[in-house]
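The block underneath contains the structure these notes are about, expressed in structure tokens.
Note that the chains take the letters A, B, C and D in the order they are written out, and that residue 1 is the start of every chain.
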Amino acid sequence: METIRAGIYGASGYAGQNLVEILVDHPNVDLVFGTSNTYAGQFIEGTDLRYIPSDEVNLDHVDAVFLALPHKTAATIGKQAVDAGKRVVDLSADMRFDDAEEYEKWYDIKHPHPDMLTSAPYGLPEIHRDDIAGAEIVGVPGCYPTATLLGLYPLLRVEGVSLEAPIIVDAKSGVSGAGRSATDTTHFVNIYGDIIPYKAGRSHRHVGEIEQEINRFMPTENQIIFTPHLVPIDRGLMASIYVTLNYSITSDKVHSLYLNVYADEPLVKVLPLGQQATFKGVQRKNTAEISITPVGDHFVHITSTIDNLRKGAASQAVQCFNLMYGFTETEALL
Amino acid sequence: METIRAGIYGASGYAGQNLVEILVDHPNVDLVFGTSNTYAGQFIEGTDLRYIPSDEVNLDHVDAVFLALPHKTAATIGKQAVDAGKRVVDLSADMRFDDAEEYEKWYDIKHPHPDMLTSAPYGLPEIHRDDIAGAEIVGVPGCYPTATLLGLYPLLRVEGVSLEAPIIVDAKSGVSGAGRSATDTTHFVNIYGDIIPYKAGRSHRHVGEIEQEINRFMPTENQIIFTPHLVPIDRGLMASIYVTLNYSITSDKVHSLYLNVYADEPLVKVLPLGQQATFKGVQRKNTAEISITPVGDHFVHITSTIDNLRKGAASQAVQCFNLMYGFTETEALL
Amino acid sequence: METIRAGIYGASGYAGQNLVEILVDHPNVDLVFGTSNTYAGQFIEGTDLRYIPSDEVNLDHVDAVFLALPHKTAATIGKQAVDAGKRVVDLSADMRFDDAEEYEKWYDIKHPHPDMLTSAPYGLPEIHRDDIAGAEIVGVPGCYPTATLLGLYPLLRVEGVSLEAPIIVDAKSGVSGAGRSATDTTHFVNIYGDIIPYKAGRSHRHVGEIEQEINRFMPTENQIIFTPHLVPIDRGLMASIYVTLNYSITSDKVHSLYLNVYADEPLVKVLPLGQQATFKGVQRKNTAEISITPVGDHFVHITSTIDNLRKGAASQAVQCFNLMYGFTETEALL
Amino acid sequence: METIRAGIYGASGYAGQNLVEILVDHPNVDLVFGTSNTYAGQFIEGTDLRYIPSDEVNLDHVDAVFLALPHKTAATIGKQAVDAGKRVVDLSADMRFDDAEEYEKWYDIKHPHPDMLTSAPYGLPEIHRDDIAGAEIVGVPGCYPTATLLGLYPLLRVEGVSLEAPIIVDAKSGVSGAGRSATDTTHFVNIYGDIIPYKAGRSHRHVGEIEQEINRFMPTENQIIFTPHLVPIDRGLMASIYVTLNYSITSDKVHSLYLNVYADEPLVKVLPLGQQATFKGVQRKNTAEISITPVGDHFVHITSTIDNLRKGAASQAVQCFNLMYGFTETEALL
């Protein structure tokens, strides 16, 4: 059995911790290192390893690296790894865009290595499985784009979304989505008992990559309205998607469409009509759940839920990794 | 100083409890009774009264009654009170519709006293103040319609909402909105850590009255998409409203419009641009808070928040009561 | 490989649900039925079975039954099962007492089958392993006694607890401990944001069996002070135990004692000195965690935590079952 | 009517915010400044003032200062204020000890101004009312000592506590007790769903002042066992106190004793026998609630609850202030 020696950059953050949890049980992975500048020297829970500072990594000892790093840093480290002949599973935004200009528009910095973008597919296996298979670099999308795009994909595929009305995404995220660092945002007293909208409208950075992906299926411009909300729960994420249909499909056909499109997807579950996707259905799981509510003839309300740290981060990265190396796609995930 | 002798039917439910809290401090009110069939005989907290069963009420002792009762029961009791010459502040749905047919469509029963509907204004003072002033009966709207309609009203007044796109309302309600009765829905374990959509699309009864009110300003049919969500918080309510504008107004004018329309409203606060309305801003308060986010030229995201038991129930009822009797509108509320 | 055909009475309650979760993965178990009078006809999640009413059980089809039933009902059904030659794992209080009088004192009813008590060991494997091995009937203790007794056991074994001072147990339980039924106690609004002491002092029924077990090691009478508290968390349980030592042991020896006694226990983990046991360490796990804080020379504060539905109910029942049949004790539990 | 010009040092922390809330409604107070080095320049909510850095305070403009500052800093600033002839209400630990050595033992630093200790009474009005009246400096106790001492005081007064058994205090605190700073401790994800014991046994600094106060009534040494727990609630505090009585009082007399001792105390409420004090009874209130559970003849379990930011900090400080100036003790508090 083939064993891949893998390392995790940023192993102490929430995504990194979930990567560790999954990879230690992966039969084809030998976890060689986990970096953390903050926790260097401490044990990595569930392993015999200790966190090392990122500048102490010796890439000779690994075949592949996972990057659970801030954007920009990820590209820099990813470049080194690629140059050293290693495969890269990047959980940051750095490898997600086709186009460096688009990246620069949303992230307000020059892309450190725009050349890398061409070879890196967008790591959403349900849409880009063939491109991810065998790839050397993958840019894994995070929680909001994953939930949103999985919720829209079957309709996009049949070109059923009206171009004339906005696509509304009212998203709700557990607090772990704000990261492990202690900030005013993550202070218990500030979020306890509250629901907090932020970066409303089109100001959240994830709008860029969501539109990039939608544009593969239909010409869209400024059509996505996306408002995330922080909710007083530790983990879980819901994208509540409100879609006007065009005349190619009526709402009563949408549920069947979703059942068909996702019939063979091991990590996406379409709920029976009348049942609604919730946080509880997906917390601590690697699967997405989607519910469909037809409204009148030409409108659907779609609820798409994931665990933000799993299908919205770590487990999706491992799903991509499995595809890159030709392992069973759900290895260590089911 | 004039004193009104008032009684509360359904005084042990959450709305009833909040009515008691407010009315005991109202300088013009003498609280004479509170009914509760379940808690009959027990003290009403904050008073020297004990709950009495509703069939032991002697209407001779009061001038006005508040009905915090289930629909249908409310109309029956309200009818008796009106026939006895008492004023009625009804917190149920029974007096909210102009039209008995519309009521019957949404509530699936014959209206017990359709004649009463003609004289009962819709008890949202910010829109119907003049009709409420001096009225004998008022049908006070509940939490979802109040938050939604306050969030839409200024745009409706200027006929700024497009007829061509749906009006999306993604609503989030604290668990007290589900009532004081112990049910699977209100079981702690069932809602802890979860966000639960329910009656999605157009199946919630409140869609009917929301459309009735919108129709006073613009012809709308099946345009409202309304999905409420239960959230793991005790009280508070948010209506996240997504509106496409027509060409009579651009999005950059909307915030000023709201500031103007609500400038003299003591119980509605429009937040500065860039600030978002949250649960915390309104919990245990009698005020609504509204934030405006322009998106592109022709779209706005509006967040409208209230305490579901206050401006969404009890305090709005008292606001109506104050108008009915000519007291200062915010008496006991500020 | 031996396969035991097993059925669960009371399979829809929280303990029952956890039994199902564990048993469906047990290599030696064929789950044959799950009863639920309330949910009869509905699917049992995670299985192909549907709940059946308890009076439709055919005991011929099983070798063993788990009773996740109210006390008294459990004894009645358990008696039938034993008479039919089946083994019984009883999660109620009915088989826990040595002595029917003691049972009657705490439960205020005549024991339906006092004869069964003599053959049923107390199902806490860490203390009664030898008696449970091969037993036909076991009375599995619930969450409070399990956490308390595991927390005290090593000290009891060395007779280190002073007879002169009370043993204080301040316990904290997640809301699932109050059961799946919707009651005022389990209403979200009633427990959200609150900590609620109940049955304080010596009025909780579990005091009886805790004392029975302590009395095996030392003569104690009315020495246990036990106050449980409901906390706004779904699952988990903490017994905070405050113990005065006698002169046979000093507090600095207690941690080593616990490490030694539990060294080979697969389901009890003694934390390093200085680290405190918490809810998070045990939620959704089958293990108990215990922390020791020496205070002065003659006093220790012990924190003992479990998942109330696992080591405090379902997983302990399966641990007993494994011992009864001679399977690996932790089969399906690690 | 006399008006005292007051300033608050540390006005942006939770205690400081609550001081602002109370003082802006105090008829005898003119709030002149609030300091905050972190938020300097921003508006102080509920006022027309802006936070100023502490080194921009001009003491000439005030008659009294409240110190919601870390220990040591408080003494330094307090000394300046006293030297300038101002009265000082200190919410830190710096003025609470009679004896600088005791302070140094618990706080591990030399007391900056030990001379100030002699003139500063311990600011728990229910015990030290006469000394606080007219005082120039008061050292106001915080949440744990307040709840614990109010819970013990009536028994201490009659010398009813046994010297032979430990006094156990199992305390539970809302997260605001950990302060407004974002730290790992206050990160939502770290405390959500958890109960966390910390500084168990006798290692918490508040043990020192609790013992100092107990020693006024009985000779005690190392008798207090005090373990605080962080609970996933924003505010509120419970001290669960377990007391062995000596032979001067039996447990059945304790409830009457408490009723008598606190009969005229406006800010302490003794609950009826059988009712338990909870977080909800005191949240956002200025009162303490105490419940008594007799256990056997010689033991009582006492539950003492307060809002940690009110009677455990800000409102107690104002209560002391009122006594210092001869105002009605509950001015602005009821």
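One rule holds for everything that comes next: a residue touches a chain if its C-beta (ideal position, glycine included) is under 8 Å from a C-beta of that chain, and two chains touch if they have at least 3 such contacts.
Nothing here was measured: the structure is a model prediction, and the numbers come from that model.
**Q** Taking each chain's centre as its mean C-alpha position, how far apart are subunit A and subunit B in Å?
**A** Here the centre of subunit B sits 40 Å away from the centre of subunit A.
**Q** So what's the Cα centroid distance for subunit B and subunit C, whole Å?
**A** 47
**Q** On subunit B, where are the residues touching two or more other chains?
**A** Within subunit B, residues 193, 232-234 contact more than one other chain.
**Q** Name the shape of the chain contact graph, picking from line, ring, star, complete and other.
**A** ring
**Q** Every pair of chains that touch: which are they?
**A** So, checking each combination of chains, I get A-B, A-D, B-C, C-D as the touching pairs.
**Q** Taking the touch rule as given, give the residues of subunit B at its contact with subunit C in the complex, in rising order.
**A** Of all residues in subunit B, those touching subunit C are 14, 175-176, 180, 182-184, 186-189, 191-193, 232-235.
**Q** Residues of subunit C touching subunit D in their complex?
**A** 164-166, 168, 170, 172, 193-198, 200-202, 222, 225, 227, 229, 231-234, 236, 238, 240, 242, 244, 276-280, 283, 291, 293-296, 299, 301, 303
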